[in-house]
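This is the structure, below, for whatever I ask next.
We call the chains A, B, C and D, going by the order they appear; numbering starts again at 1 in every chain.
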Amino acid sequence: MTFCKNKCADCKSVCKMNEELLNREDDFEGDIIHDECGVFGAYDFDGHDVSSTIYYGLFALQHRGQESAGIAVGDTNGPKGVKCYKDMGLVNEVFNNENLSKLNGDIGVGHVRYSTAGSSVRENAQPLVINYVKGTLGMAHNGNLLNAVELREELSYTGAIFQTTIDSEVIAYLIARERLYAPTVELSVRNAMRRIKGAYSLVVMSPKKLIGARDPFGFKPLCIGKRDNTYFLSSETCALDTVGAEFVRDVEPGEVVTITPEGIFSDKSLCQEKHARCIFEYIYFARPDSKIDGMGVYESRIIAGKILAQTHPVEADLVVGVPESGNPAALGYSIESGIPYGNAFIKNNYVGRTFIKPKQGERESSVKVKLNVLKEAVAGKRVVMIDDSIVRGTTSARIVNLLKAAGANEVHVRISSPAFLHPCYFGTDIPSEDQLIASGHSVEEICKMIGADSLGYLDVTRLSEMIGGKTDICDACFTGNYPIEPPKIDIRGEMG
Amino acid sequence: MTFCKNKCADCKSVCKMNEELLNREDDFEGDIIHDECGVFGAYDFDGHDVSSTIYYGLFALQHRGQESAGIAVGDTNGPKGVKCYKDMGLVNEVFNNENLSKLNGDIGVGHVRYSTAGSSVRENAQPLVINYVKGTLGMAHNGNLLNAVELREELSYTGAIFQTTIDSEVIAYLIARERLYAPTVELSVRNAMRRIKGAYSLVVMSPKKLIGARDPFGFKPLCIGKRDNTYFLSSETCALDTVGAEFVRDVEPGEVVTITPEGIFSDKSLCQEKHARCIFEYIYFARPDSKIDGMGVYESRIIAGKILAQTHPVEADLVVGVPESGNPAALGYSIESGIPYGNAFIKNNYVGRTFIKPKQGERESSVKVKLNVLKEAVAGKRVVMIDDSIVRGTTSARIVNLLKAAGANEVHVRISSPAFLHPCYFGTDIPSEDQLIASGHSVEEICKMIGADSLGYLDVTRLSEMIGGKTDICDACFTGNYPIEPPKIDIRGEMG
Amino acid sequence: MTFCKNKCADCKSVCKMNEELLNREDDFEGDIIHDECGVFGAYDFDGHDVSSTIYYGLFALQHRGQESAGIAVGDTNGPKGVKCYKDMGLVNEVFNNENLSKLNGDIGVGHVRYSTAGSSVRENAQPLVINYVKGTLGMAHNGNLLNAVELREELSYTGAIFQTTIDSEVIAYLIARERLYAPTVELSVRNAMRRIKGAYSLVVMSPKKLIGARDPFGFKPLCIGKRDNTYFLSSETCALDTVGAEFVRDVEPGEVVTITPEGIFSDKSLCQEKHARCIFEYIYFARPDSKIDGMGVYESRIIAGKILAQTHPVEADLVVGVPESGNPAALGYSIESGIPYGNAFIKNNYVGRTFIKPKQGERESSVKVKLNVLKEAVAGKRVVMIDDSIVRGTTSARIVNLLKAAGANEVHVRISSPAFLHPCYFGTDIPSEDQLIASGHSVEEICKMIGADSLGYLDVTRLSEMIGGKTDICDACFTGNYPIEPPKIDIRGEMG
Amino acid sequence: MTFCKNKCADCKSVCKMNEELLNREDDFEGDIIHDECGVFGAYDFDGHDVSSTIYYGLFALQHRGQESAGIAVGDTNGPKGVKCYKDMGLVNEVFNNENLSKLNGDIGVGHVRYSTAGSSVRENAQPLVINYVKGTLGMAHNGNLLNAVELREELSYTGAIFQTTIDSEVIAYLIARERLYAPTVELSVRNAMRRIKGAYSLVVMSPKKLIGARDPFGFKPLCIGKRDNTYFLSSETCALDTVGAEFVRDVEPGEVVTITPEGIFSDKSLCQEKHARCIFEYIYFARPDSKIDGMGVYESRIIAGKILAQTHPVEADLVVGVPESGNPAALGYSIESGIPYGNAFIKNNYVGRTFIKPKQGERESSVKVKLNVLKEAVAGKRVVMIDDSIVRGTTSARIVNLLKAAGANEVHVRISSPAFLHPCYFGTDIPSEDQLIASGHSVEEICKMIGADSLGYLDVTRLSEMIGGKTDICDACFTGNYPIEPPKIDIRGEMG
């Protein structure tokens, strides 16, 4: 089962560490950096129903959250009120022809959600629909607030009640309170944004307006699309492609965009110079066919691969990616290095929510059930294996092990991101430091622990090259340089 | 299809009215005065789980609401927070061993709900669980507020947001706001009660207290039970019997009862002399094996039957009740009149939520599918048929028609309540006046319209005899004498 | 918990037996003689769809089997073949608008099934649809064969394969084999009947014929109905009432009825003089509003009550029935004895398939959850309690206990059937002898064991009076006089 | 919408054909050659449960059939009989911990199925479990018989009844009949095989034996695996990898393998020289990580791509594959041609059975919802697009259109199989000839119809190179050279 051939003293302890990783209670899911949420909004000025289009939009954003899905719609010309349906499950599990056809209206918002286990209850599904002083709002939110605890406490002291544990409810309260003084809902959104700190991309529907807003640092993406007389807001451009809409432009960090039949209005009063866009959107979260803030995700991954080839070259016979996100970087590595690109893994795409995970002790591990190696492709070869990240190390160890068991002579692991060292407070579910393999081990140690013949991370100083040299990114999980000072206590948990 | 044998001119128009009733689009469900809600609470001072007992308690209260069910529990010795599960459906559809076993805790509240169609959405299911300045509250509510619209507006103007359309959310807000000033949660409940007008029986769980409260008029029932070291609050005593608990006493109108291991505390500062207990609990809503405010429901229905025999005697061969609630009154009529009691109807108890209703034009009507006549029992006989009420008249007409078709020579209808003439604002779903057959027609006309040979209602002046002569009842739906002035606009709808 | 007041030596052991019964692991379901199956067929000569009418027919027969339900239909004018849908569950759980609307055709059969636990799998649900030499047959069967094991073996030895464990498959095979020689399907049915021994009421649909058949002894009921140009076959007349059809006549024991647009044909060649109609249909199985072989079920139960009053008189204040089937007998007892009739029990009708049964040791027993006592109705009274049967005795002991706990001074139990002493081989699920309380105990002992003050069974010699003096009944479960010699080995199990 | 820039007369009609293809009612599903079935068997000589392992095995074979799934198990040391659970749906939809844990036993077979629409009913799901003269058999079958109609008729004339429309039932009958004379079940299987013509890979479990059989031509794959003391039979080796088993060998065409604790026995009496292995397993059906009859599927696709590069070279900037099966061939084309390989498409893997397909007229087409183009990767480039086949042409036209819309300057389509011209009678669901675009159009016409700049198919004469030069293949769908004479009437439909 172990790959080590030399029985040297030092190696033994390393092998032991490797064995330990291989035998840890199976936690394939726990070893993935989870996406957070996806938001989508649509407003058809011609009055046609938008729920079906939002369904396809959410379907294209499914990779951003597989736990719950929801759609809220209103009829700008009909009776007041918002119809909403949401539940735990994938978009195509939550919605069927029957419930979708009841969601008739020409304006609407949708949401897909991932959440930490504790808050994985139906009550926390989005969109949130609230009745307040000026009518009804529907709201979908992607991100995580840093001052949510303080704001909840403050609101509580003026009599607020909370029925969920999501940050979105805090934002909704603030919008409602600001609306008591502000003449319009978009100004209320803007004013509420002055009070919240953190990462948020918001899509809000009021009875006659569709509003998009992005936090001043621009942590999370949000863009505008258009199809005939219908306007869209979406976390990613891939959803615009799916619904046949053209990309209009990104919402700017700090901007509040108000979409109405009278025109598209922009409030940039909260825009600031310093941005901190989440680099992990490019590395792993976003779909490769999306373009975020002007940079294509696929291209950025190709570049990462090229950089790896420059900084961590190796003599090898084959470059392979760990599907799916490792593939473009592998292609980049191949182009830059001249080592042939190939496929080494077949991924089983039928794993669904109800999949029965192998129990500890069963001969089928989660990794093996989901990934199989193309033996003939790797046998006898020196393989460069590109993956997007190493979290706890268990998955990496198992995949390296699969390759060795399939006959690979050498396995050189290249990671298309720097090493995770710090927690994220802005909506990415990175485990606490003590679980991050990189926080307690040197690269050399990690290399041995995962059983690789060599290991190279993307150099953090070259990270910005992935997005064309722009440096307005948040790389805090690698560097600890938080754009906003993190809270004293760990408030992570209820991201939207 | 018609039963009339004489083809006289006058009769023809009557027959036409009868035929019209018989042929109206099937609305069996719409022709029932619906129960509203049932509440149940439990607190085991020995620390055992209460969710299973609440399940059986709700099961016994199922007749009070078949649309949604929910249970919320907390652990007074464990981590903070309340676990809640609720969904659309019957108690035994919503709960299974899996979700019930996750609701562990020694204090809890439960709810079954009926609602008007418009608000029949999952968001409105109870119990309501809220986080507020002092922690978490679970709340179940039976009743309807008269000033909910004003209160919502008022709360909105101080920044409140509403995520449901149920009155319970308004009450929760008021409790939360009062808690900013009141030293205890029970005082907050008491103070909130000062602000709300209408009918409400409340069961509230705070982290360490189970609180029951009843509005000062005592519209809705609520009682206290005990089993070893476990205390209960319940809409009806039948649920106490089911869980093997003893009846302790009724909560008094206006009283706030606080149940803690340190003792049961009572705050009667809102108690008042004038009560207005809903007489329809005795006539139809409550289960006959319940005792409400000291009076047995079964016995009160027997008395109603006896009064009918005194005030509307008739020569006949058989007295029958329309199942289920007509049976005790029929027995009373039989005892008083000496006319033999018998069964005439077999009710199909397998009708569930998913039952496919006969379409207009199909030969099977909803009434016929649910009720069949024992032909041999009624053929050739003069039958006294006792029912609890006439709403639109369609069901009565159809049942009379079934009896005649089965060979009954005469059908004398006796109704164990006075005629419905006025809307209810306190939580009973009586249709609007224009749909009430009694509001536009004389007794004689109604008699002809439903095809009966004679018709007699319970005399409203003798209503109080049903409950032993006590006159502290609300009979507004018969008399229009509302204990609280009704609102100018029709605010009915979202009862709890 | 015990009701005994005298602490005499003898009594102690009796009380112990009573306590034991009360404390046995809860087996409310196991203490009921289960219905078997219900069959229904329809053929609309005008070509309209019959599936919706079959749905309502099965719904009226639901009491005969709550485990699985199914409908098979064909189109006599359309493409060949039979569409069938069946599953585990109640009629209204199995069918919805979607799957029912796909079952279009003018001829069809339906089935509801109860089964013993071991065979409770979807494969055994009916109707059975088979393709054979002459096309397609749909078949629904109520009963149990005595020679099924031999026939299966015999068929196996000529290469038959079996995909279910139900007798109906054996019958289907025989019909198919006979069809190789017989000129018509109805003759094949007749010839197959020559080979099978036991109880069976069959409804068979061939491409253009609806066929009903009843075994020569007539164990199970089957009748013919008519509505305009639609003909029906049904286990009970109550289903005819529900679908608005008139009763035409019963199928005679041994008769094969063939319904076609050309006429209704009858083959009585297998009819015989000796009949053995199951008396338990009248005592318990059939719905009281059904008429079986010319005798009303309700009336027969009234008579049983009257006989009990004659043979087992007692001084008492109140006669009550154990719902539902005990009520008519209680009424009969009251009429004959002059003791007032009343209600003592409220039954919770919301118990569904998914109901979570109380666990051993929980304070809520299955009996208490399903039945509650009207305390005020029985307190201080001497009560005659009528039930239809005693099986193991546990339920009787618990109900007597409930009455005593509610304050009844005396409880005199009267059973509207003789004591169960022998197994049934014809389709009724009577437990084996060692579980029948009557097979090992005298009436006096049973009386003490169930905690009653007196106990009286219906005299077996007067059983025939229940059905107007006719003696062509099967009373083998009481007398051991089997109309057909029972098999040497216990072949019970797979009744249809 | 059209891509054509020159408005020449000829082009117009071509463009019209292209438009027609693009606008045809969406039939993405209909434009895929469907897999048929996958079979899997396991026998643990140490007596441990095999159902969980069969679950993972079927999961790895899911690509061979997504319509129904089932597992049947027996206990060789316990009570007789086979437990089976099967239903419509994916493996992870059909099975959950509850139903899987009930399937305990040390021997078992599993099945995944695709079927033509008409037979997509639960009754046709496999495995088939039959009781016959010698006990119980479980059976799973992949393939299609040519003489099923004749055999059914013949069996009918000796009294057989059929409850499904699958060929497997015919095979089961033959085995049962042969068993009357044959001393062992494996000989019965062998003898039954003498009677059937067509394609079949069978896995059969008898009480103590696991039997695998493959038709004499070897149309469908079947292999043997081993893990400690557990033996496996599987359609593909990828399932062996998933469950951690080693590949032992392929079952030979015509061979009957009997696996028992006493040894693995082989009966090769039906083996013949002429084989006709389905080449489409390599082209599209099988998972690339499988090895079939000694040839790796991935490698064979690489070779196909290389041949295409040799026979249909073109000047271009980028080679892309249509996911998933087009990718290896694209890699092969790239290697051979030197044109860089890249990704052009992102496939949405979340499409499940319940996915709501876009309606005609909606702006989201099925193709667009499932595939999106990486614009930046293809814009301005001359693209070689490799797909595995063209069926009706609609999907190809739409994908070419997507590439052009994304800015591709030229799109050269290369197909890694010859053109479909003939129906398959051996279990592959190829549409009838009139729907095959290649049967009525020249390559040049097809090229224009799908909007490509050039089009090249794999040369049928070089097909055998894909599998290392072996010529024992069935290529009848391309050549019409059927290894067995096809039936006069079209009997396709119920493949297993």
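Keep this in mind: a contact is a pair of C-beta atoms (placed from the backbone, for glycine too) under 8 Å apart; a residue touches a chain by one contact, two chains touch by 3 or more.
The structure displayed is predicted, hence computed values, not measured ones.
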| item | value |
| --- | --- |
| Chain B and chain C, separation of their C-alpha mean positions in angstrom | 35 |
| Mean-CA-position distance for chain D and chain B (Å) | 60 |
| Centre distance in Å when chain C and chain D are each reduced to the mean of their C-alpha atoms | 49 |
| Two or more partner chains touched - positions in chain A | none |
| Chain-level touch network, classified as line, ring, star, complete or other | ring |
| Which pairs of chains touch, using the document's own definition | A-B, A-D, B-C, C-D |
| Residues of chain C defined as touching chain B within the complex | 52-53, 55-56, 59-60, 62-63, 66, 90-93, 95-97, 100, 227, 238, 241-244, 287-289, 291, 296, 298-299, 327-328, 331, 335, 340-343, 346, 348-352, 354-356, 358-359, 362-364, 368-369, 372-377 |
| Chain D partner contacts - residues on chain C that touch it in the complex | 84, 123, 128-133, 152, 156-163, 165, 172-173, 176-177, 180 |
